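Below: a set of structures, written as structure tokens.
Okay, so chain A shows up in both of these, paired with chain B first and chain C after.
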Partner chain A sequence: MTTLTTDPPRNGLSPLERAYARLGVVLITPTILVFLLVIVYPLLAALYLSVFQIYTPTLQGGFVGADNYIELLTGKAFWSSLRVTIVWTVGTLTLQIVAGVGIALLLHQNIWFRSLARSLVLFPYFLSTVVAVLVWKWLFNDLYGALNQGLMQLGIIDMPLDWLGSMPNAMIGVILVGAWKYFPFVVIAVLARLQTIPENLYEAARIDGAGPIARFWDVTLPQLRSILTVIILLRAIWDFKEFDLLYLLTGGGPVTSTQTLSLLVYQEAFGLNQMGQAAAYSVGMMLVMLVFMVLYIRQTKEKA
Partner chain B sequence: MKLVRPVLLNLITWSLVLLISFPLLWMIVTSLKPQTELFRIPPTWVPETVTFEHYWRLLSETPFLRYFRNSVVLASTTTVFVVGLGTLGAYSLVRFRYRGRETLAMLVLFTYLLPSVVLIIPLYLMMVSLGLSNTLFSLILAHTTFALPYALWLLRSFMEGIPVDLENAALVDGASRMGAFRDVIFPQLLPGIISTALFTFILSWNEYLYALVLVNSDAVSPLTTGVMSMLISAFNIEWSLLMAASVMMSLPLIVVFAFLQSYLTSGFGAGGVKG
Partner chain C sequence: MANVIFKDVHKRFGSFVALEKLDLDIHDGEFVALLGPSGCGKSTTLRMLAGLEFPTSGEIRIGDRVINDLAPGKRDIAMVFQSYALYPHMTVGENIAYPLKKRGIKGKARAEAVQKAAELLQLEALLDRKPKQLSGGQQQRVALGRALVRDPQVFLLDEPLSNLDAKLRSYMRAELIELHARLGKTMVYVTHDQLEAMTMANRIAVMHGGRVQQFDTPDAIYNRPANRFVAGFIGTPPMNQIDGTAEGDHIVISGHRIPFNRADFVDSLADGPVVLGVRPEFVAIGSGDGLPATVRLAENTGHETIVTLELPDQTRISARVEAARKLDVGQKVALRFDPAAIHLFEASENGTRLNLDETPAAVIPMRAK
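Our next item is the complex of A and B:
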């Protein structure tokens, strides 16, 4: 790069460079202070709280050492929630990727009113989860819901289905709504990448006699590989920690069949009033997520 | 054959697009139907009578407008606060050299991925002990936890796209660093700032978990928890009223989509998904 951002020599900084470094620190200080207050301190506090037993309404309790972590490792709650979280993440992520890439390929074509179609597809992603959940709860309504009625009119089912109150329907339901809400993210990212694939790659493949399907596998997909890695990691992290959608759609039910780790932490802290145990669960959850985070951060670093 | 293919492609694409937007269409249709028409089997796919009574009732008989005002205050304050801090922070991270800068950038990325439920318990305790629970201010602080890393990350990528030469030229002409920032960087960064502001506003507008935990008084509830409480507290659920609330709640979004959509798509390119 240029003079401004090259590394200064280790010793003998010029007065100007030193002044610049000072200004840089001054500019970042407010951000650092806010970070310390609302992120770093709460993170450390979560670690600290996880070795206490605290009753939420009174905030009274005492030090219990590793008890909360022993409960995490030996109890059923954490592992069953982890399993639910993995089922939900893999299910909804797979649908998001397949639908996202498919729709992106279609919207990349020269169709009528393309920008309108793109806007319509993008919309669910920016919609409030509360709105999405209300709309889908109404669609899922047992008796009058459009989904059951529509499927019955089409003759696919002859009895209304109980969408959110029984298994495996509840899991299928949340996975579907999750896919609907978040696949536009994949569409936008893939569309942007598709526009940069050089046309001559397709020309060359065509001359070699490759049909549309062969062209997708041999040209498009390899070109999309790096962006897909990033999308999958990012969406895996976000789906893994999703709270609003699951909490509002099923509340984790029936019983705990859709209770992901985020919901478990919330339930333990504010439903069962065991704040220390909840903090321990949240630390456990973060450790699991750390794997994906490190992978993503490494991926981002590589490109930089 | 030459003509059949594009028509088929259009047909397939548009049926999928309509299928995807059906829930939203259904939301609008339901909000316009009279209550009695809602429980028709089979449902009337196109409303027989169109009525705006639910919108009227929503605005006059429910606390919806108060929730709306709370959300506007919450989301705008968060946006101004976060984008202000973020712009200076991103400028520092991209254009200055000092020890710990790289570590800081990685920390920002890490917090950008952090789950809210980890922070929620300590934040709740913090707000209680500071006497801030049940205030909009506590929500603004809490929203900073996800909005600031997000804004910083976005603004950082926008800032990286601005050529250094422009700034150097201004410095050679005798401008100070902050003078160069005001006259050269800021105008160049403006589209990025608008895009970041829109994203931050939408994130804050849509946030639910912090509002659920930190605020339980109806007077300071934002739209997300407020509208959900209308669902939970109702003895028999009035779906058309809730659908009208959903439409109204999405209004800012519809405005952004209609007039400022290019800013949203440009933010996407910057938001850590560059391939």
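Our next item is the complex of A and C:
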């Protein structure tokens, strides 16, 4: 019988365990490098830039200390954009959830066009934002738009409405397009959860005397609660920082009435060429979003 | 009166026939088990009674009411599911109270009913827990509590014990028997476990292939099975069935002649192929004169030994002997059957029993009311 000579265990780890640990380090290194490069570095760079006054095209400028943050706190731009962002997020998210849950419930029924509808419902989500916005811009067009045409034929309005050029129409418009674009995400997540609710629960509720509405409140909704919390938090984060849809549809206008924080940062950095001030705004925006992020992390931790 | 009547009920799912000509008359206060292998139609029968499935044709009555078109909640029934189907977000108390809440019973009356059910099932200490925090047996009792809280006319139980471990199952079996005795309510119990059916039910409906094969007391089901299916389904091990030929006063099996008393059997029993049925406990193993056989397996369970024997034509049968009996594999033995314990069946696949003793019909005629 041969005797294996082994190193005395260091840190209580056997040689095999240490070999595994080394392999683990090797395997996560690429991820950590990418993470440092695309998340940590830009974050630190933004913090750094935010204490300078910088002219974007040359990236030259001087140190100004907290001036950019004082402008953020005392000026109107940040707060007005924050208010717009909140209106947009709450509005479009509410519509996404209501429409998403409603359509998921519908698609969960045994209806003959179910499989076709399930694929079609994803269409807006998969469509490129640029294409979607171009189509919607035509629909909203005050001179040739199908929307005004339809509303006038139905007799709901008797003059064409200026959809994207006046308030509150522009805000209603972006909220509607946002809801249309992103409700499929809610449908998919809710539908997946609906399919896991045991049929027995509904049968038990029917025997216990619960009608369709009671079954929704007492069986379906409690089962959807956890997934809805996650969806709402995720969609809130994504809607809060939405850029392309708003930028392409209204560009923040009329004037600044649909200028969310993302658009404000962009405008400051590349419209007004004030990279330092833009960095300060983006840091402010990040702090607001931190609230959602903390809630989301808490929620997902609770489940785990 | 809460008797339950199925009258000429058929159920088809598309082209699949789940139930054919179902006739059952369950008496008020009776504990009836629907027993059969999976796919026999027993669950469909229960679900039609619950209102979760609807008969293709025929009539279902509870008492004087035809309930075919009544919603489940209006049938005055309660059901216990195999999976318990407790509402996961509600506490035990809220689960039990739910059927009352949906019937508009409020405040003190509701609280008292919940309390009473909880006491009966020893759930008082668990009322504030969520189902997830309970063991299988406790969840089972909560499901029972939710069923009995509103005092329904008929209890429906769909394999309620099959998710429990063996020990808890035999405990809950006793609990259910007691509960039935105390409440005196009509109970319809679906199971594939013959032990549950035999020990708990007043009468058992043995089902197979969408038809009731026999509807009778456990004693009759065991001692006077209506046909080969029932004989082969009930008993562990089940009744031995051996192909033979009737010749006058003897059954000939592999050239060996076994005498039987022709007067105990129906007149239509003619000479020709029959199936001889005998329970393992009536197979005597000896030597000398008898049906020759070879011992193939002897399984000692502690209090008895189940012996598997091979006949000359390679048919395998089982015998039940006392545990102390020593038999070696390969040993040649001679079998004798107690003539009083011999059953004869028609030789067809699910042949009818041919004995005369109050042979129960496969389909029980409706009782005149």
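To be clear about the criterion, the second predicted complex is superposed on the first by the 293 of 304 C-alpha atoms of A that agree within 3 Å, B and C clash if a C-alpha of one lies under 4 Å from a C-alpha of the other, contacts with A are read in each partner's own complex, and residues count from 1 in each chain.
One rule holds for everything that comes next: a contact is a pair of C-beta atoms (placed from the backbone, for glycine too) under 8 Å apart; a residue touches a chain by one contact, two chains touch by 3 or more.
Note that the structure is a prediction, hence the values are computed from the model and not measured.
Ranked by how many residues of chain A each touches, chain B and chain C are led by B. Judged by the touch definition given at the top, the superposed model places A:218 against chain C, while chain B stays out of reach. Using the contact criterion defined above for the overlaid structures, shared-chain residue A:204 touches chain C, although it does not reach chain B. In the superposition on chain A, contact is made by A:243 with chain B only, not with chain C. Using the contact criterion defined above for the overlaid structures, shared-chain residue A:168 touches neither chain B nor chain C, since it reaches no partner. Look at A:75: by the touch rule set out above, it reaches neither chain B nor chain C.
Applying the stated contact rule after C-alpha superposition, one finds that A:126 touches chain B and leaves chain C untouched.
With both structures placed on the common chain, the touch criterion links A:65 to neither chain B nor chain C.
When both complexes are aligned on chain A by C-alpha atoms, no chain A residue touches chain B in the first and chain C in the second. Chain contact summary for the complex, chain A toward chain B: residues 1-5, 7-8, 17, 20-21, 23-25, 27-28, 30-32, 34-35, 37-39, 41-43, 45-46, 49, 59, 103, 106-107, 109-112, 117, 119-124, 126-132, 134-139, 141, 143-144, 146, 149, 152-153, 180, 188-189, 192-193, 224, 226-228, 230-231, 234, 237, 240-241, 243-244, 247-248, 261-262, 265-266, 269-270, 275, 278-279, 282-283, 285-286, 289, 292-293, 296-297, 300, 303.
If you check the complex, the residues on chain C that touch chain A are 50-52, 71-74, 77-79, 81, 83, 85, 87-89, 98-99, 102-103, 146.
Considering their complex, residues 198, 200-201, 203-211, 214, 218-219, 222-223, 225 of chain A touch chain C. Interface of chain B with chain A (complex): residues 6, 9-10, 12-14, 16-17, 20-21, 23-24, 26-27, 30, 38-39, 41-43, 85-86, 88-89, 91-98, 101, 104, 106-107, 109-111, 113-126, 128, 141-142, 144-145, 148-149, 152, 164-165, 167-168, 171, 177-178, 202, 205-206, 208-209, 213, 223-224, 227-228, 231, 239, 242-243, 245-246, 249-250, 253, 256-257, 261, 264-265, 268-269, 272-275.
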